[in-house]
Amino acid sequence: MSSSTPLLAVDELSVAFHRRGAGETRAVDGVSFTLEEGRVTGLVGESGCGKSVTSLALMGLLPDRGVEVGGSAVMRLPEGEVDLLRLSRRRLRDLRGSQLAMIFQDPLSSLNPVVPIGRQVTEILKRHRGMRGSAARKEAADLLYRVGIPDPTRRLNEYPHQLSGGMRQRALIAMAVACKPRLMIADEPTTALDVTIQAQILELLKDLVTEEGTALLMITHDLGVVAGLCDDINVLYAGRAVETAPRRPLFADPTHPYTVGLLGSVPRLDAPRGEPLTPVRGSVNDNIAWTDGCAFAPRCDHYTMECLQGPPPLVRTGDGTHIHRCVNPIDHADVVDQTVLESPAVVGEDEEERE
Amino acid sequence: MPTTPSSQSDEKIPFHQRKAAKVDRLAELMGDRGDDGHGAGIWREAFARMRRSPMAITGAVIVAVFIVVALFSPLIAPYSPTSQAWGNEVFPNRNEFVGPRGENWLGLDHLGRDMFSRMVIGARQTLMVGVVATLVGFLFGALLGGTAGACSVLGGRWGRQVDNVVMRVIDMMLALPTLLLAVTVAALVGPSLTTVMLAVGIAQIPIFARLLRGAMISQGNREYVLAAQAMGVRKRKIALTHILPNSMGPVIVQSTLTLATAIIDAAALSYLGLGNPDANFPEWGTMLSEAQRFLSSAPSLAVYPALGIIITALGFTLLGESLREALDPKLRK
Amino acid sequence: MLRFIVRRLLQLIPTLGGLSILLFVWLQRLPGGPEYALLPDDATDEQRQALRRSLGLDEPLMVQYLSFLRRILQGDLGTSLQTSRPVMDEFFLRFPATFELGVTAMIIAVTIGLPLGYLAARKRGGVLDFAAVGGSLLGICTPVFFLAFILKVVFAEGLGLFPSAFRLSPGLGRTDITGFFVLDGVMTREWDVVWDALAHLILPGLALASIPLAVITRMTRASVLEVMGEDYVRTANAKGLHRTTVRTRHVLRNALLPVVTAMGLLAGSLFAGAVLTESVFAFPGIGSFVYVATQERDYPVLTGFILLIATMYVFINLLVDISYSLLDPRVRAQ
């Protein structure tokens, strides 16, 4: 296996929810990205853009019924490549926790309230590393210590409600890293925490990535987190990636109006006093179907008639740093030339996957 | 999807109209999606959901039929429910009963009275027992629970004391099982239909009281109460105009469910001999307990009123449960 | 833990005290007062006066109440009008029968209700779910005494599968140790007695179990459904734990908490149900005794029964609270 193939290649991932009485809702509508060992990839967008659903689909944690997952997510494992979306449930269970791990948003509700922290850590050691009894407890204490929980032996017997918010998130991270997974997904891991704790948790995640060479998929709406942690960034809007670029080009020369809007919504210290913020108007609910045109058009200042005639194509900018999905991108001198990567027709009528 | 207007046609549109054209097109595309109920009140939303639920529809149909029969029973019943016109055809001690026939659709009871007429008139009595008992439970329970809830929300040492005392009373009433509370009341005032209604109603008081108090306290902890207070609205006014109306959901659900419980409990009281001794006004519970004696020889005498009770209670329960589900904020998304 | 129990015990005092006042007032309010209840209708006024004096009814209410309270605390609930024996003795005599029946009903309700509710939640929207929900609604809506009659007519009198009345077939000799027939039978290895007593318990047990069974099934289902959607279950799945581990340690462990509370309340209401069920099956327990008492207006028995039930209810709830605090560490902390 050459190291040039990515650790995880997500291709045209789509998730549609079917509800009785209502039609289908496409939460994720053709998202592609790759993850590399030792790198942090960000999925950025407002709530409802499909970023959490993407992560749950990769983990196989979406409900069985009423959900249709399409596309592929090929992961490189020691024993060969597997498509996470097509694995048997049993096989997926073996991978979860050992090769794939996930950290959730709300640490209190994500921990079982009636089981001691120690047991919640040791159960994963027992499951995937075959550890038993005191050995498992010792390893659990080590893990808690490594994620920065003081006095870990005492903490093992405590219940989630006895821990502070930061401690709980550290405990969840300890469970996630317990089996040294190759891939870790963090779904807004710092949203529910205080700012100072946020910084500590981000620092911890960064260290884990550099020390263990884990690939981290960081899901967030917080551009501060993105700027501080992510190497590559995918901006999602209404279930599709609208712009993909490494950190620097994305922050320096955003090409998609939505990315520009996101960046413009963040207050800047170096901006002249009195300069207004430029928020994105409207809300995620003001969208149109991708098949009709650009879903962002209703909120976009630059939309034209062309934006409303079928899905915009996915194009790569001239300097190759950005990939975006926009008919009227924001012009930067060096990124104007474009190559079309994918014609609209292919994206629009992707209905082949059925389980 | 018609995607005919190409970029060329766009060019032909005069410049000053282009902006309008794209705005129109956008409005057209966004208008495709139906109104997803934004701004509708929770009750309207709940009813919209219930219209789609087979459980709610079944319950509503049963309840509607029951109420119509009960209201118009004197018009529907072909004979007097007390007339023993066919008394010479029925001999219970010889196990001779009359089943359904053209004249008497559901046959005759053990005294030779028309079963169908008795069932129809009985529906009216049963409805009355259910409604009055529920009203008693609802009114006094809401008064008790509302006082406790309001006092607890208004706070202060005095408020907490009142709440505490009311809660102890409710605890005490809860310690008495519904049926025995009813027996107690019935034993105190003697058997009659009023007794049954009062007894069953009183037994429901603590349930209503506790529900309303709990809902009010949880509403009282919401941020909007704090916000209203911050804007200088008096607490007493907040309790009356915001907290109380917002807490009525579970109480209204419980009322629907109580209608079912009341009908069943009333039947049990009749069985215990505490029910309506007045044979002029048949009530399903009384009919059922009277007919128990003939269960092996003439099961239909018991089965009709029993089915009446079960189906009606089921109707109210289905309605109440689906209302509860429709109002549940966890299921509402 | 001990402090918690003591605090809860102290909270019982106002509840039980208030209840005793209620009962006292009730007895005072009886038509004509207690002396009418205790004496035959044709008693003379002198007899009534004498009884009033001997009962202390001419004393101030407060004194009367205190002596009423003292008698209750000494276990004196008065004398039954039907049997002219102390109510307490009558209850003690019949308690094992009712307790045995109640336990049977609770076992039936729990062993069927918990798995049924759990499976219904797991297969939500399926045939089993529909049957479980429909069946439990039907169970709640069917008058208990009617169900008891139907069971008796169909399974005892019709099909002859089970005996239709009493605790034991006539003529079957048994050794009495505790008054609990099944327990005694096991202890003395009189297996025929065990089987016979069990056969007598099945039908009344089923009738009595109908409401707790329905409630437990529905509560378990709702609770499991709620817990299955919790974040920590998703975490457990994300950890790749075996399905059985997720289901037992993470789903069931949490889902059973509210069911435990409900079971306590249900156990209290079993006594009321016993009045209806036992009378149908001529089961010689407290229930059928009280059934006759309601017909005969045997007030001392009724008051005694209410006091007994209220006390049981209050203590069962105490037990529920304690077990809840053992099961849920969050409650323990408060």
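The first chain written gets the first letter, and so on, giving A, B and C; residue counts start at 1 in each chain.
We take it that contacts are C-beta pairs under 8 Å (C-beta built on N, C-alpha and C of every residue); 3 or more make two chains touch, one makes a residue touch a chain.
Just so we're clear, the structure is a prediction, and the values are computed from it rather than from any experiment.
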Report which of A-B and A-C is connected by more C-beta pairs in contact. A-C
If every chain is reduced to the average of its C-alpha atoms, which one ends up farthest from subunit A? C
Which chain wins if you rank chains by how close their C-alpha centre is to the centre of all protein C-alpha atoms? B
Distance-wise, how many Å sit between the C-alpha centres of subunit B and subunit C, to the nearest whole number? 27
Using mean CA coordinates as chain centres, what's the gap between subunit A and subunit B in Å? 47
On a C-alpha centroid basis, what's the spacing between subunit A and subunit C, in Å? 54
Could you list, by residue number, the parts of subunit B that touch subunit C in their complex? 168-169, 171-172, 174-180, 183-184, 187-188, 190, 260, 264, 267-268, 271-274, 285, 288-289, 292, 295-296, 299, 302, 306, 309-310, 313-314, 317-318, 321, 330
For the subunit B and subunit A complex, residues of the former touching the latter: 1, 3, 5-7, 10, 18, 21-22, 25-26, 29-30, 32, 52
Sort out for me which residues of subunit A touch subunit B in the complex. 21, 286-289, 291-293, 297-298, 303-310
With touch defined as at the start, can you tell me which subunit A residues reach subunit C in the complex? 59, 61, 92-98, 101-102, 104, 106, 109-115, 123-124, 127-128, 159, 161-162, 172, 175
Tell me, which parts of subunit C touch subunit A in their complex? 230-232, 234-243, 245, 249-250, 253-254, 257, 327-330, 333
